[in-house]
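Each of the two complexes below includes chain A, the first together with chain B, the second together with chain C.
Our next item is the complex of A and B:
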């Protein structure tokens, strides 16, 4: 659905629940410079979610949805996990795939959209947990990258299988003891960001979601690079506060603690040469646009 | 010909798909009533009669008409509003026509209020809480309409009508096919035509809220 189609039939407007009316009136569909600062000023693309109170994943969802450059023409592909509890509340097209299949689904979807809408930009964004991305779906994840499929893969890394009670996942840190993994993890956290780089991803970031402006930047970069060049991968730490024994208020601090320079979620970024060139071009255009807008405002 | 009849329920928790019981869809120019192929003209009369008999006749418009995604959709929305207004004019005191949207198919928990919007995953809640005894689906995608119609037939005694833009629905008690603005307006005309000639089942029958 493109932006001009997001309007309610006039004769049935009054019976539409208010959340749909608000989406049409004040959501940021079609706004070129949309971003996390719109949160609180406009209708968000996420309604009430059913995650636990204080869940960092809910913060991540809000920042990502606020930052997508083209939400009206974006399709998100999800997988089994806590994220699948949120998608019913999201006002962006989305598909729930079988556990682990998300990158295969996204590959077909992206290709089909390119054929069906050759003249329109259609973004595909995969958003799945670490179990779906690294364990059960690793084959599909890697094969999509090998094939240079043009979509973004976002992994919400909470370092275990959270909504089934805390089983060990490939992204769990070595030695960690979880409720359903009492022996402790015996081997290191899988280094998926490095694997992504070697598998052909053009933009790879490993970080937490403690800083909304940073999340906005990496999401925009990842989507634009995927659109123009090739696969991109973001690994975002969204700790499961329940499974690591924290309270609702402690999620943010946990992320801040985990992003210190020596910690496992210290900010790491890889950008391929073609992607660097694209980002430079985008920055130059952005500068021009802002200068023109400033000049226009001055004249007015 | 199948002996199975698509009748108001509650049939049982998982009613069979009418198609699996041998009920087939009408050809262009036809409709079906209770699973039996009938001339479209007869279906207009029967649908209008069911609306006028009902204590709470209700129209459930779906996303295909709620959103003005093309000109035709907007015109259908206007026709649906006209049908609703006609119903309000033609019913007797004690009858309460309703217009309840089905804007979304997602199982929205805990956001949804089942009394102000209907969701295909739990249509019976909307039927029960609003005590709806006759309803019409229009502008709902086929697979979701089929799901809803089966759940309603399984758990409630509500009479279901499908104003389908495609080939019709076996799982409704009455189904039109190839729905258009003209067909919706024609149904409104039939409601007007039968005004005052149909006895509403206000005092006698149980309503659709049987649970």
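Our next item is the complex of A and C:
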């Protein structure tokens, strides 16, 4: 899609909500080097959010939407959970259908878009909670990877079922006392990043969303690799401050504490050989482009 | 954007000509062919300009689903794969339909039940997916035999539900079905049901349309809701998601959307009448006795009527073609003279008889039966016996039934 498509008819301009007018005027659809630094300078693709005040999911959403390399041709797939309260306000086409079926929806969607637009890039990005990804939807998460479906899966790992009030999830830490884990969770946090690698993902990252520049990098890599090579998986720690008893100002610190080298969200990544090659080619092209731009600036 | 009309007369990559559907179905020459029901499904799909088909094995639809794979290998379908379960398959179908594809799938019995959560979602999202349901038992102990109980569960999903009697119905209705469900004022999924084995695994002469003609492609931009392909605005759906509001506006929105789904089913009536030549077929409805049935029970009813005729008993027949939309007016009108209404069914609960009882005046006229289930066949003789017993006529006892 080009920005032309969302232009507002002149006759209707004044009755459109101002945030839609802003989308048309100053959103970064089509901007090649868009990234987290656009936040504050341009219209973001998320208008408002209805998450708890200070919920790290809201930061994650903003960084991700600022970093998508191709939002004008990206369709997102969500699932039921706290994220589903945000998606209707996101200015990228997105699908919510059921709880846990996100990777099945994305499989059908990506294939349909490939059939309909064989010569165009159409990226598909899944974004769902840990309950959706690892528990109720695990089958479909893994099967999409086995089939090498070409889309990115992002899991907002808050280590519990937040939207239904803080129940045990497969990504919860062992021993954590929660609803439905009245004597503490009895088994380990499921090691999905490792499972993702074994299941055929070409790019797997486990980290927090404390650093926007890092989120930007991994999102760009994940989307490009999924587009060209095969499935990619990002597991991002977005602590549910409400359920772990933190206040609105404490989300960032919680993430920083959990990403220390010995902690469970210490940065971990896996890149397959073909994906490494692609990233190297992309870096070389980027360098070339920057050098050319510099030269052009020098001539001017 | 694809314009359905401008492509008519042009050829697809397989050399088939996109043809006006009315002409293709009603005016083009037909070739009689001796095929199994599964092969007939394949032949219909060959002509349906499908973008995506997603398959999963379950008897008795596995053969049809695999044959459609052959069509994909030959290049007649955009994409095809085996999903991991019926729940996943129906979600994959949804994803493909959200992305603007014409989608086809098939399932049966436990597969229908496994996938059930998807169906109201399909309807609510206005996805005109076509799903063939080759009905089979859903009971425990495990059964693979014909039994139509699963249709009862589909009736309240918001899908269109049609019940084919013969392989010929199947061939025609697969193609016509897309025309009805893709209408902008309908835009709903269709469950096209048949009785497993009786239709899928028997051979019959079916009149096929020419193989070098196919349906015009689906145009997703005629959908009443935006296609999720980032090609059509709005790119942002709403400011306040209704899910998180507990207020009157939120309830009213959900309520009105549900009403709209059912209104869309009602609006499908005129299109279904146009394409299927009525929602019911009725014969001799001036008789005192009328059999009302759907699926292969219609064929058995027709045989029973012949047997009764030999004995001088005159009996009318109503074939119910669409269960959703429900032909309420038609059935009321066609049964107005009947003193006795018999509803033979291939399931234990008699869901069709219940629907009819809720539709007509003097519903004590409805005799719910005979019922067979679990794979039993329905010899016309047991329909005859049911009728004679109810009328107080003497009838020979059937083998195994005692006297």
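By our rule, the second predicted complex is superposed on the first by the 295 of 300 C-alpha atoms of A that agree within 3 Å, B and C clash if a C-alpha of one lies under 4 Å from a C-alpha of the other, contacts with A are read in each partner's own complex, and residues count from 1 in each chain.
The working rule: a contact is a pair of C-beta atoms (placed from the backbone, for glycine too) under 8 Å apart; a residue touches a chain by one contact, two chains touch by 3 or more.
None of these values were measured; they are calculated from a predicted model.
By the touch criterion stated above, A:5 is placed in contact with chain B and with chain C alike.
Contacts of A:20 after superposition: both chain B and chain C are touched. In the superposition on chain A, contact of A:50 is made with both chain B and chain C. Of the two partner chains, chain C is the only one that A:139 touches; chain B does not reach it. By the touch criterion defined above, A:89 reaches both chain B and chain C. Judged by the touch definition given at the top, the superposed model places A:269 against neither chain B nor chain C. Shared-chain residue A:257: touches no atom of chain B or chain C.
With both structures placed on the common chain, the touch criterion links A:228 to neither chain B nor chain C. Touched residues of chain A were counted for both chain B and chain C, and C has more of them. Shared contact residues on chain A (touching chain B in one structure, chain C in the other): 1, 5-6, 17, 20, 47-48, 50, 87-89.
Interface residues of chain A facing chain C in the complex, by the touch rule stated above, are 1, 5-6, 17, 20, 23, 47-48, 50, 72-75, 77, 84-85, 87-95, 97-98, 101, 104-117, 122, 139-140, 143, 147. Residues of chain B touching chain A in their complex: 61, 65-69, 73-74, 76-78, 80-81, 99-101, 103, 106-111, 113, 116-117. Chain C makes touch with chain A in their complex at residues 51-52, 54, 78-79, 81, 83-85, 87-89, 91-101, 103, 117-118, 121, 125, 226, 228-241, 243-244.
Within the complex, the chain A residues that touch chain B are 1, 5-12, 15-17, 19-20, 47-48, 50, 87-89.
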